[in-house]
Every structure is written in C-alpha cells, then in structure tokens.
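After this come two complexes, each holding chain A, first together with chain B and then together with chain C.
Entry: the complex of A and B
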C-alpha cells in the first residue's frame, strides 16, 4: 500500500502538521477545476495550505453528518473514492488525524491511533519545552516526531 | 508510606509496543518535595501574597492539565463521557488513580448534576507539610491549588469549561480536604475561520 499524505488538525480547526509522501493521482488534484476555468488566476495547482483546508472541511462536515445520523457516539472511519482512501481518527480532545492512502490499504484507524498514542503524545505533548498548543504547527515539527513518523510510515505501514 | 509510589509516566515507543502498559514509578517523596519547593518558592517570590500564590498554582496546573489529558487518554483508552456524573467518576477513579495513586470520593452533588465535591482522604502533595505560622497562610493559602488548575485544563480539552476550588483542607485544620467542581458549560466545536 502507499501512503499519500498525512494531516493533523487541532481543536481550533488549524492544520498543525502536514506531510506528503507521494503526489496524489492527478485527477484528484484537479477534480475541483472546472474545465475552462483555468484562466488568469493561473494553473490552479492547489497551494499546500488550501489543500489542508479542503481536507478539514471535508472531514468536519462528514463527521457532523455522521453524528447527526448515527448519534453523538458515531464516527466515520474512512471513505474511498475511485482514486484514494481517506482515513480518519479523532481523539476526545478533538485532535483530528487524517491519512490519505491508495485503495488497496486496509483500515488505518489503528495506525492513526498508534501515531497519536506513541508519537504525538510522546514526542509532542510530553515535550515540556514545546508550547501546549501549536498555532502554525510550532512544536509539532520536532525531529523526534518527524523521524518516528517517517519510520512508522515507511517501515511499519509499507 | 515507604511502599507508596506515585505513578508519573508511561514510557512507550514504537519498537517495543508490547511494553506499552509498563508504568514507570517515581518515588512519592520526590514528588512531594518537588511540589513543596515550588509552593515555597512562589510564597517567597510573591512576598507571601497567598492569593497570588493560589492563582499561580492554578495557572501552572492549567498548563499541566492541558497536556496531561492527552497522556490520560492515550494511557486509559477511554472515550467521551456521556454526562457530567460519569466525568466526575472518571476523574476521581481513573484520573487521580493513574497520576497520583489516590481515589478521592465524589459526593455532594447538586440536584442539577452540575456540581460535585471531591474529598481527598489522602493527598500525596501535602505529605510532611505544615503551613507557615504567620496567621494568614492558614486562612489564605490553598496548598494543593495546582490540582484545581489541572482539572480545569484537562476538562477544557475535552470540551468542558469548569470551575474548581478548594473549600477545605486538613492542612488548615479542617476535618477534610474538599475540592468543589462546577460545570460552567460544554464547549462547542470551533469552526475554521471564515474565508473571504
């Protein structure tokens, strides 16, 4: 299986970490472009930041819809398109972990939970000198966290 | 006393995931002395302005609580509580148990289920402590006030705004050590800032 990208959103709806491994299939990146609309605003290759906002909007709406239909305790685990699979895990503290993979991948819910428990809590939350919250991603992009995430994705999930 | 240990952290890492439930212990006296030193230093820094010391302890606790909740969730694997009563039990029986190895009693609920008291029979932070004999500390200083902040910070992260304060303390000569906790409101999800 292939991991395309990974995002963390905090309780203030801000993307505090973002990582890409492989470019997603082109039809995904271009899916919201209306043919012919690529005009003076340039070839709208989505800016990285925009990307995170889209992902957040999607999971936020989906999660709210799921809760409305299935009750407060309900949560969506993943959704798939013809091009990719989006996996979702949310902690009770409203930190949202999102991973985009190819379609062959099994459920990543446990993997995302492992990332939270073993990497995020250990290397980000417990680092006493990093800020409690992470506006702009401050404190999340530390070496230990990034290296272990890299290892986890390339060795454990590969 | 000697056999009691205060549990501070669980170490875990990717390589030895099987060790995840291993709980490191730390000497209770070390915690007591460390905390006592902090309070003593604050009393000195603020010229025995105990109101201010209470405030600073609460603030420190708040910052600890905001982190501790993540560790708590990672360690305990519990999900969201259905109501405030469940939250109170979780705090007392699981939270305090994991981190301080005590289990305060939950009691004195108001009829609307929004306020309760935690009674501490045992408080590791206050072992060996005697409040300063200056005629004011006994009335003004809440020695363990950091715990109020911890609770406030931790519960805020799980969408509960609460208010917590001590109403009695055996250190002051009261019969019990009691913390009063009130639910102010449940915090709504934050929305991403509106785009222009």
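Entry: the complex of A and C
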C-alpha cells in the first residue's frame, strides 16, 4: 500500500497542512530535476497550492452531493478512479482529513480518525502555542505532529 | 461466496436510481427504482449532474504524478522499472488509461460511474453491500444502445424519452431482485 499525499482543511476551507510522499525513496535524486524537466517540455506547471484547492473543491462538492442524496447523517467515505483512491474523514468540528492512496489500500477511515485523535488533537489542538485559526495560511507548523505523522504513515500504514 | 448469493437471491442488490449525463454535463435521464435515497427536485438533479460532471474532470486531473528518474541521472535505475518518458512523471497504474471518478462510497449508498467512449456518463446508485455492479452497468449500457441509440426519433444529447428503454430497464431490474 502506498500513500501519495495527505491534506488537512480547517472549517474556513483553508488548507492548514499538506504532505506528499514519494512512493520510491530512490527517486529523491531525481526530485530536484523535475521542475526543470517539466518546465522545459512546455508542460503547465501547477503549483502544489492549486492542487490542495482542487482537492478541497472535489471533496466539498462530493460531500454536499452525498448529504443531499443520503440525508444529513450520511457520510462521504471514499472514491476511487482507475489510478488512485481518495479517503475522507470529517470531524464534528468540520476539520477535513483527506488522504490519497493507491487502489490496493483498504478503507482508511479508521486511520484518518486515529491521525485526528492521536496526533492532531494531542500535538496541535492541545499545544498552547499553536494558533486556533489559520487566517494567513500559516498552517500546522509543528515538528512533533509532522514527525509522528511521518512515523504513522511509514510504519503503521506501510 | 457463490453459495451465499444463491441462498439470498440478490436481496442485497438494491439499485436505488440511475442517472445518465451527456457529454456536456446535462442531465438526460433520471429514474428511481427503489426508495432509499432522498428525492430531489428536477432542478436539483440538473445541478447534481452538472456538478458531478465538473468534479469528474477534476478527479482525473488530481491524479498523483510519480516523478521518474531523469535519463540524465547518473543513478542506475533498477531493471524492473518502466522506461522513463520525456515528460518526467508516470501515473500509479501505467497500463490503465487515466480516468475520473469510478466509484464513490458513503455510509448509505455506493455510486458507480461508467463513462462511455463518447463521454456519456451512467451513474448508478446502489446499496453499499452490492458486489458486482459492473454487470448491471453493462446491461444498462446495452439496453441504452439498443433502445435509445437505435431509436430513429432520438436526438443525440437530448433528454431520453424512449418508452421501450424504460420498459426493458424496469423489467430487467425487477427480474434481478
């Protein structure tokens, strides 16, 4: 199972955390060459920030669609295309956790819930220094959270 | 697996409703077969079809791109990896064409989207427990080809009003449950 990326959106539709994992650690050497390679071939280079906005728009629309059809207590869980699978978990406080994985992965709902309970609440919400809202797009800037998320994804979910 | 489906003859195969969206994102067919989902107004269904059309395109464009090792890179790549392309990235499933949303799961239903080569989308809402929706979708596509596309009075991309299609679709789905 491979995790491609992970996003957290707050209740103001702001992306407060995003993290991408390269599926193969061997391609780290090639990573620095990618922007140049893509730019020279004339491809449209999409900033990572736009990616987060597209992900948010997608899950927002799908969540509303699901609520409309299934009723208020229905929850959008995941969707899959021929290439990847997107998992979604929303807390009662409207914080949205999104994870993109490969198609072989089982339901990640529990995992996203665990990230929320064990990592986000413990290290971000309970941290007196971390801001409650993120108006300027500061986002979750917390070493402890990032490290434990890294560990969770590479060890528990691998 | 086989035995259990025989014991419970497709009681779990609840098909809630079917929506057909043309290649421009317009709703051309909507029909409910079993209660289970909320009823929406015609206008809401049109909005839903348009929204889904857009979201479907976005889900295709946010496909993760896996960076490839550059050909100029001195690092020896393992022989098993695919040949590097000039674009610098590959998709997770290189052999399969990139598609938009194919199925969506919620607590209460499962949405299967089948897109034809010409861009028409079939949205089938079923019970989340339903196993192989593919056979149902394929049959619906077959009926659509037979009774809608072969109908000389049907205008392309316009709402489907074909009695024979309605009749055969209803009869076939009733025969399953």
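The rule is simple: the second predicted complex is superposed on the first by the 133 of 158 C-alpha atoms of A that agree within 3 Å, B and C clash if a C-alpha of one lies under 4 Å from a C-alpha of the other, contacts with A are read in each partner's own complex, and residues count from 1 in each chain.
Note that in this section a residue touches a chain if its C-beta (ideal position, glycine included) is under 8 Å from a C-beta of that chain, and two chains touch if they have at least 3 such contacts.
Predicted model only: the values in this text are computed from it and were never measured.
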item	value
Chain B versus chain C as contact partner of A:140, first or second or both or neither	neither
Comparison of chain B and chain C by chain A residues contacted	C
Which superposed partner A:132 touches (first chain B, second chain C, both, neither)	first
Which of chain B and chain C A:13 touches, first, second, both or neither	first
First, second, both or neither for A:121, with chain B first and chain C second	first
Touching partner for A:66 - first (chain B), second (chain C), both, neither	second
Partner chain(s) touched by A:57 [first = chain B, second = chain C, both, neither]	both
Partner chain(s) touched by A:157 [first = chain B, second = chain C, both, neither]	neither
Which superposed partner A:100 touches (first chain B, second chain C, both, neither)	second
Chain B/chain C common contact set on chain A	57, 73
Of all residues in chain A, those that touch chain B in their complex	11-14, 53, 56-57, 60, 73, 91-95, 114, 116-122, 125-126, 132-133, 148, 151-152, 156
Of chain A, residues touching chain C in the complex	2, 4-5, 22-24, 26-27, 29-31, 33-34, 37-38, 41, 43, 51, 54-55, 57-58, 61-62, 65-66, 68-71, 73-84, 86, 100, 102-103
Chain B residues within the chain A interface of the complex	9, 12-14, 17, 20, 63, 66-67, 69-71, 73-74, 78-80, 157-159, 189-193, 195
Interfacial residue positions of chain C with respect to chain A in the complex	37-38, 40, 44, 48, 51-52, 54-55, 58-64, 66-70, 72-73, 75, 78, 86-89, 91-93, 96-109, 125
